[in-house]
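Note that subunit A is present in both complexes that follow, paired respectively with subunit B and with subunit C.
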Partner chain A sequence: MALPFAFFALFFAYPVASIVGRGLKDGGQWQLGRIGAVLTDPDVLHVLWFTFWQAAASTGLTLLIALPGAYVFARFDFPGKQLLRALVAVPFVLPTVVVGSAFLALVGRGGLLDDLWGVRLDTSVWAILLAHVFFNYAVVVRTVGGLWGQLDPRQEEAARVLGAGRFAAWRRVTLPALGPAVAAAALMVFLFTFTSFGVVQILGGPTFSTLEVEIYRQTADFLDLPTAAVLTLIQFTAVLGLLALHAWTVRRRESALKLVDPAQTARRPHGRGQWALLWTTLVVIVLLLVLPLAVLVERSFAGTDGYGPVFYETLQSAATADSTFAVAPLDALWNSLAFGAVATVIALVVGGLAAAALTRRGGRLVRGFDALLMLPLGVSAVTVGFGFLITLDRPPFDLRSSWWLVPLAQALVGVPFVVRTMLPVLRAVDGRLREAAAVLGASPWRVWREVDLPLVRRALLVAAGFAFAVSLGEFGATVFIARPDHPTLPVAVARLLGRAGELNYGQAMALSTILMVVCAGALLALERIRTDHSGEF
Partner chain B sequence: MSTTSRITVTAVAAAVGMTALAACGSSDGGSTDAKTVTLVSHDSFAVSKSVLAGFEKESGYQVKVVQSGDAGKAVNQAILSKGNPQGDVFFGIDNTLLSRGLKEDLFSPYKAQGLDNVPAELQLDKDRHRVTPLDYGDTCVNYDRAYFAQHKITPPETFDDLIKPEYKNLLVTENSATSSPGLAFQLGTIAKYGENGWQEYWKKLKANGVEVVNGWEQAYNERFSGSAAGKGKGDKPLVVSYASSPPVEVLGKKPEPKEAPTGVATGTCFRQIEFGGLLKGAKNEKGGKALLDFLLSKKFQEDVPLQMFVNPARTDAKVPALFTKYGATIDKPATVAPETITKNREQWIKQWSSLVLK
Partner chain C sequence: MTAHAGTTAPELLRLGGVTVRFGKADGRPALDAVDLAVAAHEIVCVLGPSGSGKSTLLRVVAGLQQTDAGRVLLEGRDQSGVPTHRRGVGLMFQDHQLFPQRDVAGNVAFGLRMRGTSRADQEHTVARLLDLVGLPDAQGRAVASLSGGEQQRVALARALAPRPRLLMLDEPFGQLDRGLRERLVVELRELFGELGTTVLAVTHDQGEAFALADRVVVMQDGRIAQTGTPLEVWQRPATEFVARFLGFDNVVEATVQGDTAVTPWGKLPVPDGTPDGPCRLLVRPAGVRLLPTPEGLPCTVAARTFRGTHVALLLQPAGGPQVEAACALPDAPETGEKVGIAFAAQDVVVLEAAAE
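On to the complex of A and B.
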């Protein structure tokens, strides 16, 4: 527990506290009056209200649309399942700059919906909500579906045999077992949408603003640190409240589960109802997730003289071009992969140790730490980035222009994923197995290695996949960290998008497509590893 | 643990180790030695590799470029790390941010070589030389030539034109609060109609159907019908963009067209001048001075147009044919004194937001 604690103290708590402190402490005096002034500003209250309700609505909508999907992925076997499961996670890891514009091409003016039915959703709150579903679909499918696939269907069958109706059996057997996973997924979706930035900026138009957008503007554009500090504190309070609520609901529902190999639980759908469910899910996925991505790919090939790989070719020639602006795609890819790999290892070590510690020990302090680990998801990237700038500026931690800062910042976002994915599974491991091993003379390390690890390896790989994919697509913190010239793919894409001309735009789409393919590839590779070893369960 | 998974774990560990090593190898090491000089800038900074290599060879310094965010963010980061800067020279503080930087005392005075070739109106700190003008560019309304030819309307030229009924619902601009060209356009109207008259102008512009989006990328790539990126699907033939956007539209086109597909309304321009300066507390002050001299040298100045699509500050720097042929020369751009901008910036943006967005 010491390592994760030190990691968070140094790379999160200290920088964030410093930047907030600098805002609240003007000229050596604590300016607490600012809190009242900001809190009573009607504009701020309006932003606060909108932030809350759009997050709640987005979470509800995501659960509604994605829970059937989680079921389909957990219980049905169908051709192309692995590919599809990797594909649905792609939006989640793509930078919002890119996906936002692709999404706009669908629901915006002149988009597909507009052409077909004259429906325009841009600058309406629906565009924001749908985009949030688009981004977070995978969170629900993977966290809930992962556990669902491992629940022993025989328990539900037993309930049916004993006379329970189909719904009653599901409600009394499956739902309680799934509870923690659903709550974890809902919490993550809520956190993501609560702190939504790019989606609101691009799709919502200038009339919508979330707390995160305000913090960003006050910090990065106006350098109004006092106001930003108060807003950060409000966001902190809201996030902490949520986490407390989450911890409370989870603790009431937790129980040890009997987990089985998901390959045994998934079967081909039979009966009209199951086929209908499968097809509905597939249609939803195609409409909501695949179509925007397809628009992106289409644009990367659409040159002035018809379709062709012209943007990819010019990207490649950029490698030898005589300009520091041009980023060779392979270099950007390599930077992204290298940063992503380092960030994943940091996130796995820190998150894994934290999750293990949280499973073993109880008590208020530990639970507080659990909440603390989730906080980076609720804190603006600009706060962290600027915090790094003013704190990690002296030896031995003068990391400001070191490449380490990028993976560290990315790992901060990755750790919560690791913890949240590992924790439900680790807690579901029957404690008696560990006790039995200990009684038989195994050391704690050996118990962990031979009891816990085999049972949680799936979760570990899922966690690693998420952490890696998140670092690949991470844009916010990366762009605020002054880095020597090693742009990652998302940073290179944003740079290209910021310039006029067909060539730059096309190249941005081509780079995004490459990013998408790499993400999908990484996720697909993880799917493979998962099934290769599942026989051991 | 099975053999296969052990192999997996070993492979992953090895891959990570190698990655880490490779990343170490490619990082630039410490910046404290006297042979390295560090340039801090925003994400739009670019230079020809050969030009930069020429400087490195002549001066014996290694140049490390540290970039983050857009111009506003880069300046704010420099303010936050005042006294212990991230590098030696800062490139890219413009006249809308200048007096904030000067008030925060970010720069040490240094008169760069070649300043005599820079016109006086660009030298906004000519008494103390804390900052050196390095380039300038104009933010102007761009128009789609095809649209106006097809509808047989003359494209607008001035701010006054934009509120005429024939241009109703044609203009898309950017949110002043989130976009630098958006703010520049607002400042242009403030320069034109005065601190008391600009709100009246915007009321008329709003009545004439101006549309506001958050970023330049959306306005130009998605909404503007003249940009090639939007494949002509945009619905607005007028957009707030840069005077250099038409040349960029032509870039890489074969064969070269007779004129750019888009034009510039020359009476709607606001001028932004970018400055560089020696950061206070620079670890390599000598190298920083040499770097500033280089940034104002003819070689770098002539490299500027095609790298960053702005005009060189030096009058004797040659501008490429692409700019002279397809670009517009702006004779009387609007300007607002930097001190006035810093003083009113936040208030103006707030007033603009409640006027235009609500």
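On to the complex of A and C.
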């Protein structure tokens, strides 16, 4: 309990508080009048309104499209399921800049749809919504589907025998059991889309702007720190409200679930309806998730004189590119992997301890901490990164030149995933199993290791996968604190995209493809480990 | 003849005034000032309907349930502040609670691992215990593949493995079918006798309790209604609650005068030394004798139920409550027939005032 608390106080609360303080203080005096001035600005109100409704629309659309997908992944057994499950998670970890470009290439001017049917979506909000669904499909499938696969189908069968129709049984038995997971997933999607940055900046053009984009503009373009600070506070307050709402709904619905081995609940589809559902899901995945990625890969090979691995070959040397890098672009891959691995370990330790503590204890303070853990998701990554720079650069915490700064910032974003993934499963573990272990002589720590850990190993692996993937893809904070000679993949991609020229663009696409392959590989490996262990059942 | 008679063995467990309240402080407690002692090598069975506080009692001894008042002593040592895992007691849960992610050997060896037993000793003990519970060579089997009876045996082996000084069983046979249950009760009693295990079990089934226990403790609403050997409790139920819980319904208002009592069923003989005055009487069905019609108390047969070894009759006398009687199949009258009944003195029991 103490370790996670200290971690968040030092690496989150302190930097964010000091950057807000800087914006709102003038010569040691608090200038709270600025809040009112910014809040009555019609432009700001417009941004606020757009931020809110696009997030709501994106969340609704994601749930609508992804919940059937979660069902398919939880209950159906079909060839290539493991591969597909890993594939679905790939978009989530791609740098927003790359996704924005990929969607632009798909639905923008001169894009694939424009070429074929003259359809362009880049000026409408649909492009943003679709990109958000692209990003968050995996959140719903993994969070909801993971639990769904472990629900005992006999519960629903019991309801059917008692006279409930297929849909009624689902609504009365499965849906309430899934409630906390659906709420958790919806909350995550809402948070991500509410604070959406890269996608909106590229696809929104001058018309659409979210709070996060506005914060970035005020900070980086206009150097208007006071306005940025007020906007950060607004976003912070909104996120805090959302988290409180979430904590309330979850607590109301929390119940001990009977979990079973997911391998036993999945069956081959049976009957026309189930096959149709499976195929619909596959088509959705192909159109929505695979197509943009395919365009990305296609571009990475499309040199000036036909297809070829030109861009990949040039990645290995620092000399071919102009002065963008002091190192070869490919070194960014090794940096990313090392940072990601360390960040994952930090996130697992901090998040695992926090989740274990939250399962054991009740009380107002602990519940507050539960919500606090989610905050890094809602607070602008730009603010966190900038805050790291201005606070951790002097004693006692002079980490500015330290290698640890990047993994620490990335772990901060990973911890909420770890907690969110593990908490529902940990809370669903039957308390009497713990009592049985205690009676047999296991100390509380042994109980956690012997009872909880094996039961949540799957959730732990999923959490590790997410933490690693998020670390690999993290951009907003890393871009501020990564040292020029130690760029991560997303930072390198952004730098390349920022330069004109065919070679730079092609290299960016090539690096993005590598990032995508690495993430897919990591997720696929986790799926493999999980299968081996579930053989123990 | 108190319940503690003949216990020369040292006292292993003592509960003193243990009280547990759930929810509001003024509500009815789950355990109300319970005093109980268990001697070493004794098998004590707590018997009572659901909600009488039996399981709470076990949880208190295991340290899984905080008490609001009272003390728990194991081998004379106060256990307040001793966490569950240091109490050295075993508890077999009602629904077994086997660890689903471990195989049979992993479950049985769990308590040994917690005590740091060497791997060779673990394997040896696991093999011996699985033999003992009748599941030889089941080490590698998955828990999910076990039948209810097998799970029960594995749970027992798991609870026995660390050699707990006190083994507690919570409704140990609850989910098993009758044949298996009756066989296991006999097996367990033999096993516990061989091992010298001290056992505190709870059940709602009097048959199980009587077959398993050296001493039975009947609980009612968080209090102990009666303790005694199975025979004592069966022959002399202390209160109307105990009598009715054991299935005896021939309870009637009476006024004792000398060696007889005046009841709605006429004059009944009572045991010597019964004090004069109003009381309630129980006549066990075996003590109701059928007579040819002009003799005895005239009754009509209201119902007859075939019970295998005997026929249970429900008789309606001219006045007073119905009377239950048991008789052999060849002698059993048909429903609606008129019979006369008489009562045997040795089957008449004077009940204490109800505990309410």
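Basically, the second predicted complex is superposed on the first by the 520 of 537 C-alpha atoms of A that agree within 3 Å, B and C clash if a C-alpha of one lies under 4 Å from a C-alpha of the other, contacts with A are read in each partner's own complex, and residues count from 1 in each chain.
Definition applied: a contact is a pair of C-beta atoms (placed from the backbone, for glycine too) under 8 Å apart; a residue touches a chain by one contact, two chains touch by 3 or more.
Everything numeric here is computed off the predicted structure, so don't read it as measured data.
K.L.:
After lining both complexes up on subunit A, report clash or fit for subunit B versus subunit C.
P.N.:
fit
K.L.:
Determine, under the contact definition given at the top, whether A:Ala442 touches first (subunit B), second (subunit C), both, or neither.
P.N.:
Only subunit C is touched by A:Ala442; subunit B is not.
K.L.:
Would you check which partner chain A:Asp430 touches, where first means subunit B only, second means subunit C only, and both and neither mean what they say?
P.N.:
A:Asp430: touches subunit C, not subunit B.
K.L.:
Looking at A:Phe386 after the superposition, I want to know if it touches subunit B, subunit C, both of them or none. Which is it: first, second, both, neither?
P.N.:
first
K.L.:
According to the contact criterion defined above, which of subunit B and subunit C contacts more residues of subunit A?
P.N.:
B
K.L.:
Have a look at where A:Gly506 lands relative to subunit B and subunit C in the superposition and call it first, second, both or neither.
P.N.:
It touches subunit B, and subunit C stays clear.
K.L.:
Under the stated touch criterion, which partner chain does A:Pro454 make contact with: subunit B (first), subunit C (second), both, or neither?
P.N.:
A:Pro454: touches subunit B and subunit C.
K.L.:
Once both structures sit on chain A, report the angle subunit B, subunit A, subunit C from C-alpha centres, rounded to the nearest 10 degrees.
P.N.:
Taking the centre of subunit A as apex, the angle works out to 160 degrees.
K.L.:
What is the minimum C-alpha distance, in Å, between subunit B and subunit C after the two complexes are superposed on chain A?
P.N.:
In this superposition, no C-alpha atom of subunit B lies closer than 8 Å to one of subunit C.
K.L.:
Share the list of subunit A residues that count as touching for subunit B in one structure and for subunit C in the other.
P.N.:
450, 454, 536
K.L.:
Where on subunit C is subunit A touching in the complex?
P.N.:
Within the complex, subunit C contacts subunit A at residues 62-64, 83-91, 93, 95, 97, 99-103, 110-111, 114-115, 142, 144, 158-159, 162.
K.L.:
For subunit A, which residues are in contact with subunit C within the complex?
P.N.:
Result: residues 261, 430, 432-433, 435-444, 446-447, 450-451, 454-455, 536-537 of subunit A touch subunit C.
K.L.:
Over in the complex, which subunit A residues touch subunit B? Could you list them?
P.N.:
Counting only subunit A, the residues touching subunit B are 97, 101, 104, 108-110, 201-202, 205-207, 217, 219-224, 302, 304, 314, 322-325, 337-339, 341-342, 344-345, 386, 389-390, 393-394, 400-403, 449-450, 453-454, 457, 479-486, 491, 494-495, 497-506, 529, 532-533, 536.
K.L.:
Touching residues of subunit B toward subunit A in the complex: what are they?
P.N.:
Subunit B residues touching subunit A: 1-2, 4-5, 8, 15-16, 19-20, 22-23, 26-28, 31, 38, 40, 43-50, 52, 64-69, 72-74, 76-77, 79-81, 84, 86-87, 100, 175, 177-178, 212-218, 220-223, 227-229, 231, 233-235, 241-242, 244-245, 248-249, 251-252, 307, 309, 345-346, 353, 357-358.
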